[in-house]
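Structures given as structure tokens follow.
Next come two complexes built around chain A: one with chain B, the other with chain C.
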Partner chain A sequence: MARKLKLRIWRGDSTNGALQDVVVDANEGEVVLDVIHRVQATQMGDLAVRWNCKAGKCGSCSMEINGKPRLACMTQVSAYGDDETITVTPLRAFPVIKDLVTDVSFNYRKAMEIPSYSHPANLKPGEARMEQIDVERSQEFRKCIECFLCQDTCHVIRDHEENKKSFAGPRFFIRIAELDMHPLDTLKNRKKTAQEEHGLGMCNITKCCTEVCPEHIRITDNAIIPMKERVVDEKYDPVRWLGSKIRKREGIV
Partner chain B sequence: MTNLEKYKYDVVVIGAGGAGLRAAVEARESGLSVAIICKSLFGKAHTVMAEGGAAASMGNVNSGDNWMVHFRDTMRGGKFLNHYRMAELHAKESPDRIWELEVWGALFDRTKEGKISQRNFGGHEYPRLAHVGDRTGLELIRTMQQRIVALQQQDARDHGNAESHMKVFSELTVTEVIKENGKVAGVYGYWRESGSEVLFEAKSVIIATGGVGKTFKITSNSWEGTGDGHALALKAGANLVDMEFLQFHPTGMVWPPSVRGILVTESVRGEGGILTNNVGERFMFKYIPEVFKNIYADNEAEADRWYLDQDNNRRPPELLPRDEVARAINSEVKAGRGSEHGGVFLDVSKRLSAEVIKKRLPSMWHQFYELAGVDITKEAMEVGPTCHYVMGGVEVEPDTAAAIGVPGLFAAGEVAGGMHGSNRLGGNSLSDLLVFGRRAGMGASEYAKKNSENPVSDAALKAAAARIEAPFSRTGGENAYSLHAELQEITHNLVGIIRTGSELQEAIEKIAAIRARSANIAVAGDRKFNPGFHLAFDLDNMLLVAESTAKSAILREESRGGHTRDDFPGMNNKWRQVNHISSFDGDKVSVRAQALLPIPKELFDLFDIHELEKYMTPEEITKGGSN
Partner chain C sequence: MSGVFSPTRAKIKERTLRTDKYWLQPAITFGVLFSFVIYATFRAFEGANYYKDHLISPFYSPCLSKACVPEATIFGWTPVSAEIFNFALSPALIILIFPLGFRMTCYYYRKAYYRAFWMSPPACAVAEPHTKYTGETRAPLILQNGHRWFFYAGLVFNIILTYDAIISFKSVEGEWGHMSVGSLVLVLSSTMLWLYSLSCHTCRHTLGGRLKHFSKHPVRYKLWSWVSVLNHSHPQFAWYSLAAVAFADIYVRQVASGAWTNFYFF
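On to the complex of A and B.
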């Protein structure tokens, strides 16, 4: 049942590093994180890897597997051919700390820059009434597990360190969209600030973020494009801001 | 120690799960400075794995619900071993804690009237769990994470620095709670990233570190569930209460092996999923215990009708409390009626349409499809018990969450004991961490305001530093990974779901032997993000937890909730009057019996006397509660 798997792991730190080849047993049904753990327990006791829930719910074990941003806990070894070498490398858009672990503090700094939810002053706890259909739009974005794969894959920052200062990235565009579409949020102009302060305009909707999202959030279609469109609309028609609060915008492709 | 990284805060919170974050919010809102320390990144805590919902008697779906009904359900679920005051506070305060999350931006699923929707769950008389699909824990964590960001943004406006009064220290392990003059003085630990050491001086410390699942081989817990807080508290001189009670969640994944133990939410049964064995028998009808016969249906027709008419039918037995269902599955498998991979079948595909399943149980669908190749809208899942939750924990004062015996130390959430008695109801964990997280925040703040700084001495610093350095100074010693695997085998085989006295004795001896060997752990590599080094400390905590559990379990000669003795199969009402208190003398854990506080009359009177007769001795019944 067990097979010998060829694994190539990037090992190193911020100063230097290299790919190292190992051969490790892989059993039926195992995911890449399982075999990395086996390498850790049997061959490289100090191999650094972040992980937590091992069920695709916490978004910790983000890495690049054969060059694609993925969660190691949700990537089946059987998806790769018997003779294929699986190469695991750290997220490229963020500085390496050690081996497969990167410094993702960029994302926490960006989170701090997004204005928080603002509850209606006159609405007491327990008094909120919302339609299911209205909360579902924001709920889609609140499924985000903050794995930051979308941030990693986004070419605006992946290849352009200099853009990081002015670009919040897909994860935070859906955060802004979530608040913008929140039926109760009272802060206005979220789309405008997304455009002017968080770099929404730099996104040229290549949908790379949507493709890598393990939660299948339609980042581009349901968050980025509607915000981009309305930034333009609102200059002419402020009434549409109200409309955006009331009903779900259906299937923009 | 001149180069040591040092901080000073009013309150230090260890753990950034639901309880820790709620505590931190409360402490900051009371005007104090707060450090939040977590082993993972901010927002990754195990709370995100909680799926089903948070129990709160808001009465949005059935207006018959109120705190008294919730209190009764909680006590019943815990087989009346719960600390009555904790169960009372929890039942009374959880609705407010849920509504408060909405004020911070949470978006729960709604009823037709636009209120927060509530779903059915095992042991709850009415639909009671506020939920967001099957990712409720994530919603709680994200809401409080974002609340903390909001408070930091306010500090940035008021003080020019977002981290001036509250800072999150992620990927930092705490190795010690330091006391001076008999009171809490701070905590010591190391950055996981660099291995370098940090001292936090603090007036009060809140432990909110969650559970102990990684002590066991098959568990729903992530790597973080290593009993750190239980061990930190023990070592600081606090007590653990009732550590024999562990909840084996009845439905964990069983196949493929790499996902064994991962949680399958109880919502699957709440939404109508049924359990069958390998001959297609819906077996739970055979396992309804005497104490529950009046509220659970004894035939399929009535059980099925309950989904449509809950007022005139008894509940399906799939929704019995978790301990009952876990034992039933265990018995079916032992009797040879299990599935191919040693579980039973859980099927929701026959009751709900594919569309509804994907909407109500999206992450379950996803989890089975991606990890097991099973489409739960078409076929049954294979499930079996998995170590999920520890009911035992730090002995606390219910109102303040203060750890008994250690001034300045507080504990909330899974790491605290008493609230759930011998068995926790599903949904009571998320509400527990909100209610007692807040109370711990209040308790710790009040203490910090009343007490002056308590500086940490050089002697204490040196001792803490020496402990961290030790594994690197040894060569050719034991391997932490293998010792951990050995410990998990012992707990799984000898301290697991079904226990006997002789096996527990064997476990106690074997755990002691591993503990002796663990003093020789040597670590390869350097301090930088070195998991072998991290495990050495986690293992020490797990060993103390395992010792406490085995030693408590061998004393309790009855079966109750999350403690089943093959050699003492029945529940014994005399044992209901006993808590087991673990303490640590620096060398070994000792366990003693302590009388359970009697239930006061006004809470006693909430129950039907005939129900109480099933749990209490005739003398207690005659007495009718304390005054």
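On to the complex of A and C.
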């Protein structure tokens, strides 16, 4: 059964903008992206919204719904009360382009700064062998759909624009963790660069990235904290440092 | 203007548009932790009512000061002077830095108090009030990287507090095989402390998390798997253990001061 839904949609661009109220029909089982499309079709023909799969797998329709970073295609209208007004805004950590569309190119620049997988020189194509238990930790991080909700909610860059130069953000800490935990990756200095170039030390573990992840990746517990502990192994643990010098170990196997 | 009010971002004047009670959890965290700090400070300086009939308060164990009640010491070992610069030093003040340091640097408590006390941020997607932020890259917060040292110290404390719980199964006359309400309180306290320590992220890392090849270390992989299960509940164990330790201290204090009688089941 259709209901009249009260929506407040932010409309504007990088120079100006405001929240605009609309009332739109919403049918049972619909998600916020459905009603935004209905508004676009019936009331605001030039409303800009980015979307693609409508199945929570492409990460395109990231926006903030009642102040929370969410995927519009995975947010049920029925989760909100009949009298409630749903406020929809663009991601507030990134420059706005138009209406609900933001410029997320910051994330692509950061992606390029992360050194890619480094294959062992002595293994020819087809010779690599890995056991499942050695790769399952990294596989959790491969679920990332790059919606950048974690980046949006991270206060290190959301509340401090100046930190964008030196902070890669949670999405890229899971990328670094994925590679550092990879059984065949041979790059030695991932921990050092994570701390010194990508700003791992700026994270203060407030776990907002984990709270908003639509893929339920335990970003903080399984990627960021393990990486922080690995950095401690190398930089802040004199006993382990001494052990590595005495035994001349190349690293943990 | 920085953060969500930066020139290129959507022009929205509110610091947050969240409509839920996002302030409730940090407010509760603040209230509970602040109350604990006040109580712990009072008890640390009190220097009395920490031992009675084989019950010793976890705030005062191990009792290492020459000012300790002899029965509360570990085999009479009291290496620390009772006063420093003519200032009478409570036995608790000598040791509390270790459990305090363990909790202060704990990855879960960091989240809790950064949100509740420092509002960095107060809640997810709620703009923080600070104009600058450097995280844990500089002093004093870079010291958070010393968590593992407090973890190791915490394990030693857990062993001692478990020993305290075991000797509480003595009667007033010192005979084994008796159990009182105090025994249960100390067993609960030490059990919660073990669960809190073993579910710790540093424990998880030390046992197996730092490995690159689990397949070459099956025992450590199994240990890591078990700790990973516990690790899911680390926040709960953090609170339960805090409450259990506080209650154990309150109980021993009340018994030692004569306000409560320690009931023996057998």
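Everything that follows uses one rule, which is that the second predicted complex is superposed on the first by the 234 of 253 C-alpha atoms of A that agree within 3 Å, B and C clash if a C-alpha of one lies under 4 Å from a C-alpha of the other, contacts with A are read in each partner's own complex, and residues count from 1 in each chain.
Here is the rule we go by: a residue touches a chain if its C-beta (ideal position, glycine included) is under 8 Å from a C-beta of that chain, and two chains touch if they have at least 3 such contacts.
If you're wondering where the values come from, they're calculated on a predicted model, not measured in any experiment.
**Student:** What is the contact status of A:P115 with respect to chain B (first) and chain C (second): first, second, both, or neither?
**Tutor:** first
**Student:** Looking at A:E131 after the superposition, I want to know if it touches chain B, chain C, both of them or none. Which is it: first, second, both, neither?
**Tutor:** In the superposition, A:E131 touches chain B and chain C alike.
**Student:** After lining up the shared chain so the two structures overlap, which partner does A:K207 touch, if you call chain B first and chain C second: first, second, both or neither?
**Tutor:** A:K207 contacts chain C only, not chain B.
**Student:** Enumerate the residues of chain A that count as touching chain B in its complex and touching chain C in the other.
**Tutor:** Chain A residues touching both partners: 131, 182.
**Student:** Chain B touches which residues of chain A in the complex?
**Tutor:** Touch residues, chain A against chain B: 13, 27-31, 34, 40-41, 45-60, 74, 76, 97-99, 101, 104, 108, 111-112, 115-117, 119, 123, 125-126, 128-132, 135, 138-139, 142-146, 179, 182, 185.
**Student:** Which residues, counting only chain A, touch chain C once they are in their complex?
**Tutor:** For chain A paired with chain C, touching residues are 10, 12, 14, 16-19, 64, 66-69, 84, 87, 89-90, 92-96, 102, 131, 133-134, 152-153, 155-156, 158-163, 181-183, 199, 201-208, 211-212, 220-221, 225-226, 228-233, 235-237, 251-253.
**Student:** Can you list the residues on chain C that touch chain A in the complex?
**Tutor:** 2-4, 6-12, 16-20, 107, 110-111, 114-115, 120-121, 124-128, 130, 132-137, 141-142, 145-148, 201-202, 204-205, 209-216, 221, 231
**Student:** Under the touch definition given earlier, write down the residues of chain B that touch chain A in their complex.
**Tutor:** It is residues 40-44, 46, 48-49, 58, 95-96, 99-100, 102-105, 107-110, 113-115, 117, 132-133, 135, 138-139, 142, 146-147, 149-150, 152-153, 156, 162, 193, 222-224, 255-259, 262-263, 363, 366-367, 370-372, 479, 481, 523-526, 528-533 of chain B that touch chain A.
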